[in-house]
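What follows is a structure written as structure tokens; I'll ask about it next.
Order of writing sets the chain letters: A, B, C and D. Residues in each chain are counted from 1.
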Amino acid sequence: MKKRRFISKGHLIDSGILAQILNLIVEEGADYEIIEFRIGKTNAKESLLEIDLICESDDKLQGLSARLVHIGCYEKQTPEAVFKASTADKCVPEDFYSTTNHRTEVFYAGKWHSVKHQRMDAVIVAGDEYPECRKLRDVKKGDRVLCSTESVRVFPPARERESDDFGFMSGDVSSERSADFTVEKIAAELIKMKENREKVVVVAGPVVVHSGGGKALAALIREGFIGGLLAGNAIAVHDMESVFFGTSLGVCQKSGKPAYEGHKNHMRTINRINHCGSIKNAVDQKVLESGIMYEVIKSGIPYCLAGSIRDDGPLPETVTDMIKAQGEYAEIIKDTSMVLMLSTMLHSIGTGNMMPSWVKTICIDINPAVVTKLADRGSGQAIGIVSDVGLFLRAVAARCIGDYK
Amino acid sequence: MKKRRFISKGHLIDSGILAQILNLIVEEGADYEIIEFRIGKTNAKESLLEIDLICESDDKLQGLSARLVHIGCYEKQTPEAVFKASTADKCVPEDFYSTTNHRTEVFYAGKWHSVKHQRMDAVIVAGDEYPECRKLRDVKKGDRVLCSTESVRVFPPARERESDDFGFMSGDVSSERSADFTVEKIAAELIKMKENREKVVVVAGPVVVHSGGGKALAALIREGFIGGLLAGNAIAVHDMESVFFGTSLGVCQKSGKPAYEGHKNHMRTINRINHCGSIKNAVDQKVLESGIMYEVIKSGIPYCLAGSIRDDGPLPETVTDMIKAQGEYAEIIKDTSMVLMLSTMLHSIGTGNMMPSWVKTICIDINPAVVTKLADRGSGQAIGIVSDVGLFLRAVAARCIGDYK
Amino acid sequence: MKKRRFISKGHLIDSGILAQILNLIVEEGADYEIIEFRIGKTNAKESLLEIDLICESDDKLQGLSARLVHIGCYEKQTPEAVFKASTADKCVPEDFYSTTNHRTEVFYAGKWHSVKHQRMDAVIVAGDEYPECRKLRDVKKGDRVLCSTESVRVFPPARERESDDFGFMSGDVSSERSADFTVEKIAAELIKMKENREKVVVVAGPVVVHSGGGKALAALIREGFIGGLLAGNAIAVHDMESVFFGTSLGVCQKSGKPAYEGHKNHMRTINRINHCGSIKNAVDQKVLESGIMYEVIKSGIPYCLAGSIRDDGPLPETVTDMIKAQGEYAEIIKDTSMVLMLSTMLHSIGTGNMMPSWVKTICIDINPAVVTKLADRGSGQAIGIVSDVGLFLRAVAARCIGDYK
Amino acid sequence: MKKRRFISKGHLIDSGILAQILNLIVEEGADYEIIEFRIGKTNAKESLLEIDLICESDDKLQGLSARLVHIGCYEKQTPEAVFKASTADKCVPEDFYSTTNHRTEVFYAGKWHSVKHQRMDAVIVAGDEYPECRKLRDVKKGDRVLCSTESVRVFPPARERESDDFGFMSGDVSSERSADFTVEKIAAELIKMKENREKVVVVAGPVVVHSGGGKALAALIREGFIGGLLAGNAIAVHDMESVFFGTSLGVCQKSGKPAYEGHKNHMRTINRINHCGSIKNAVDQKVLESGIMYEVIKSGIPYCLAGSIRDDGPLPETVTDMIKAQGEYAEIIKDTSMVLMLSTMLHSIGTGNMMPSWVKTICIDINPAVVTKLADRGSGQAIGIVSDVGLFLRAVAARCIGDYK
């Protein structure tokens, strides 16, 4: 039998990490022996686990060790990290370490080093000062790439229970809850973060406009609650369509009926912006005088409209190259305290891919499957709210601002 | 080739009936010849169709004729209706006529007779004065049951286009519409119907309470907008649980968190009502002093709580026998101008089964599949709104009443 | 500060119970001190926790203690149980103990007694030999009802990890999994249970027939894989409609097109059975010669068709009184090893209400929300599979039986 | 009152066009007078309508006329088309004509001209030989752009009833249908189209792989049933991950359990392909020897992997610029007889945007909302099938090929 000794420290019990560790070992048909377990006697104190993982083969030991590391164990006799040089651009050795979105440290030169720019599905490259996450496509020949899982320590987020009223929501996704309470909580959070000058980023899909939440989002931006917008071409088109023609997807926003020539209003909108040269120009020339995009440009918050295969136009500001768009998204999402994901699975998953797991993430969608998919793709920290995003945003804006227009 | 000549009159084109007739014939591999077609020159005028149905066999002619009748054709040479005596209780001859929920007439004694108590899936029994719909289970031995489709005339509802702002909504079911407009329309309709003393019946599931719409519905009842409530045991339990303990399904309605002993609050509620003997008694004894059930009892509007296999309790007022419950539902739904179906597939389908198709039917649910199922089961007149029922009801109540409590 | 000392034993960590205990205390703003914690050194060994719960008020201590009991703690100095006499039929004292669906023991006469007939939302009545669960409505005046939570010990199910291949599925509900593996697992389980003469009960809705799974279910019954059927009137009607007329809901099962007079086939089916007097008679008279109901009756397995407000007919065998139907369901579900819930939320929740939590429960539905609702209503043990129930059942039957007809 | 006379010809009744025309006029508060109506006496014969549209204002007349044109009316006194020169790249005059995806003709030089490259949301530019659809972004300064709706004739698709067995499915989207029949129909269609050398294009999302349909799709490609693949980066990654490591999204495809280091398998896959330089190279170097991408490359059918904001990698073949990707999609979709859209809303809407409406379009998804959204965005011809795509594809492949591997 092969054996390896691991340590895990922190709020192991209440965060469920201890359960995960033991379950993982047993499910995989391996065995364990607990060498020491010191439980935090009170809520304030941390626990400590020392455990032997016992497997039949080296292979299994290796595989299972890697998974234990991902949920917060590290080897007691941590070896120095092994970095191997990349032999070609965009290529790394087969045994590369693949990151999670949790806080991570690497052991070398006799001590633990914090990893910068944490995100999931990256490799870790040894920099001059510190190790950092790098996307595979950004790896250059000769980069020194981390290839030893056994020198890594990962810190899955513990639920900050006392300070965090959102914790209770993280259990499940149900369409049978009152949205009323969550409206209040999110409004309170927005108000607090504005006071504290913390950054809130909104990821928004066109349903925000179709479902009648456009003015509410515009008001939240104008009043300084939002510090960045990640979106696609469609929401910008439909937002400006609603400003220019009072329709979205050709449906009149007042009467709910299809409007005269409504079907072509989104193309007329793009044409009008093309005439101006850009959305920015349209604002400067007073062609565009209200709405989400207007407020975004007026307030000067950073934004990115990422292109997609289904775009009409696209608008001049839309970033049609995905490598570039991902770069801009990643820049905007930096140092964010909270992300509100509003009815767009595509951009929400895209944003989740770039974010560390300790950012508060709220996903509002009428379809409960969206949150399940986010979690399936690694953004397990996302709290799901199943509601009508238009009605929801209007209620949040009313609490934050009062009688907004 | 076998041939039969049919007439159809009315707004054949704009209601789509003419298209249905021709499509049906062709899809079934039969043929037609149009003998005469007089189109209504203007919107006010009716059209008239005279058409020969041509089939290879008598059998096919018979089957297809029956389906044409259901969509509004009748035989030019209408024969006298054939009524056959039932040979046993709950039994009818194999060739019985099975009803739709559309307005229907039967030809006998040389003229057309209107059928009373129209509903779907019934048989037509010859009464002394008029023919009437009867449920199969209510047929008595000796009842004279209609067995000739060729003596029937059905009037599918034409869209009342000018007078009816809801018409435009009937196209499809989408979660991407603004609920704002429909909130306004439904509020306007409720206000108008209250003025006109028209009856509005609500069919409601427990999600109304869980999603925070309980107070809004209670206020609408108190202010006289609602003329009847069709529901189950669960909404009554959870409504009173929220009044007694501030929770629904054990979740605190203020904080959104599970409450102390919340899990047993629905059983405590039932126990408390059992101590009083009935909900009515609880109101009289001032044990119950607000909420949906309180307002229902105070206002004296008719209601029925139909039992189901998943009931806890049930409450004393819950009708546990389904035959009896269907009878009470049918009584309450009589002479109704509008039905609002709020997040309960079970009771909505049950109610749809009993109603004529000309009653305005609005179904509000967060799940788009519910409306599809309603239509699959014959209630094709239902207009679906995909939204968060709690937020939706609160918005409707605010428009109808202002600042309700 | 008020204090109470609790014990908890078992697989506290891997089942997540220890995490639940600590989280609950902290979320409720109380405090704890761990007096002793002995961890099971290996997977085979149990852990033991001794912990002080510390609250500001007696009230809070009382409320929180009750919730700790529900997740597996019991008081170290367990007091004798307090039973109070019911003062009226269907009524219990306000401080009654409300049951979970987990295994439960009560302490009196100096020792722990196992509770019989475990189910959720019941009270515990002292019998001559043992304490037992009783529904509130079955309580008689004078019954001695348990009123002391502090004398109760609850055993939430630990995941039987090694022996149970289903464990891994319990995490979440996703439509993005391959049904292939779950088909194989369920087939293997059915085969094993048949060999071991364990009882498998199916809870089935009409979608089983509409989606083309009727023959597969019939074959599984015929071949002895199923030991009981819990359903409603609708699946029986549509099953026999498909046998008699080749349609379900009027749609031809071969061509997928609406059939001649298909709309009335379900009424013709009921009429035909009414002529026979019962489904049983129809089988005896060789009127009904295949299908789900035929196999149920031929095989002699117990079944119950519970009525509902949306029933047509109903069929003679349908139990229209819900009190009676719940009684029959409860009888059939006894001593069951596995329950398959097939596309019926209503009957699945109803069945879940009556079952102890240690029965393997699989819920197959195309709508992910159904499993969420089951869990919201206490049946947290249900494993959800999001798939097309017709295709799924056919695949399971093919694995169990080979080339079935 | 203002008046304009329109003609409409064709299968006006059974296709519902006549109803649409009259309803539109009345809903918009305008009036009509029918000048002549000649009904096709039999199914084979076309109908002819001559109608006056009557409005209060020129403005309304103008707006409503445009909408009538879109559903198949044209002005009796058709004026010569007005083309106006574009004053800048990507810009057109405000009164430009915006296309539908239906067959279209323009009247000038005294006769009707067919428009080439039909697609929705384009403008029509006068070419030397014929008018053609052009995307707004491809308009060059000086291009002559059609600006007169009154010179246009649109031909919405009539249901080809006799020859087309899919017609009956187009009614609605229900999860309560048997997939069995649709499996058979689609298999038959694939077999027929292969024989006739008609092109079938598949639009596929990663759920095809996750849900276990990868081998089935690969087999269909290998056997020559598929003539093109439109997809994104993700399905290619997960397809090759399943070939290399037996997992998709890290979940073992045999056991359904998370695999050793499974979480990084998609990154290892990309890394492996990066080492080869491309998917093509991986096939040539025998690194990749089976699966969807392998069969695509071996068979030489055209394909495009369009990038998106949520991509990992991306793979070398992924087209990261959306303008370029839309161009490649449009090229592949040309001259296609049938499109199968498999569980990807993004790429399905993208593809629908580029296609004429007369291509048979089948959309298979477990979520009924996907088809509703497709229709909301103009692809109203799409027939929706709500099923488990993995089980569905396996069943289709089994019918087409027999015992595939």
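Heads up, the rule we're going with is that a contact is a pair of C-beta atoms (placed from the backbone, for glycine too) under 8 Å apart; a residue touches a chain by one contact, two chains touch by 3 or more.
This is a predicted model, so every value here is computed, not measured.
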Counting only C-alpha atoms to place each centre, which chain is farthest from chain C?
D
Looking at A-C and B-C, which one has the bigger number of contacting C-beta pairs?
B-C
For chain A and chain B, what's the span in angstrom between their mean Cα positions?
45
CA centroid of chain A to CA centroid of chain C, Å
37
CA centre of chain B versus CA centre of chain C: separation in Å?
32
Send over the residues of chain D in touch with two or more other chains.
27, 168, 175-176, 249, 257, 367, 369, 376
Seen from chain A, its contact residues with chain C in the complex are 13-16, 18-19, 22-23, 25-27, 31-34, 37, 39-43, 159, 161-162, 167-168, 172-176, 368-369, 372-373, 375-376
As the complex stands, chain A meets chain B at residues 168-169, 175-182, 185, 207, 210-212, 249, 251, 253-258, 366-367, 386-388, 390-392, 394-395
Per the contact definition, I'd like the list of chain D residues that touch chain A in the complex.
27-28, 60, 63-64, 66-67, 70, 88, 90-92, 94, 96, 98, 100, 121, 136-137, 232, 249, 257, 260-261, 263-264, 266-268, 270-272, 274-275, 306-314, 320-323, 325-326, 329, 346-347, 349-350, 353, 367, 369, 376-377
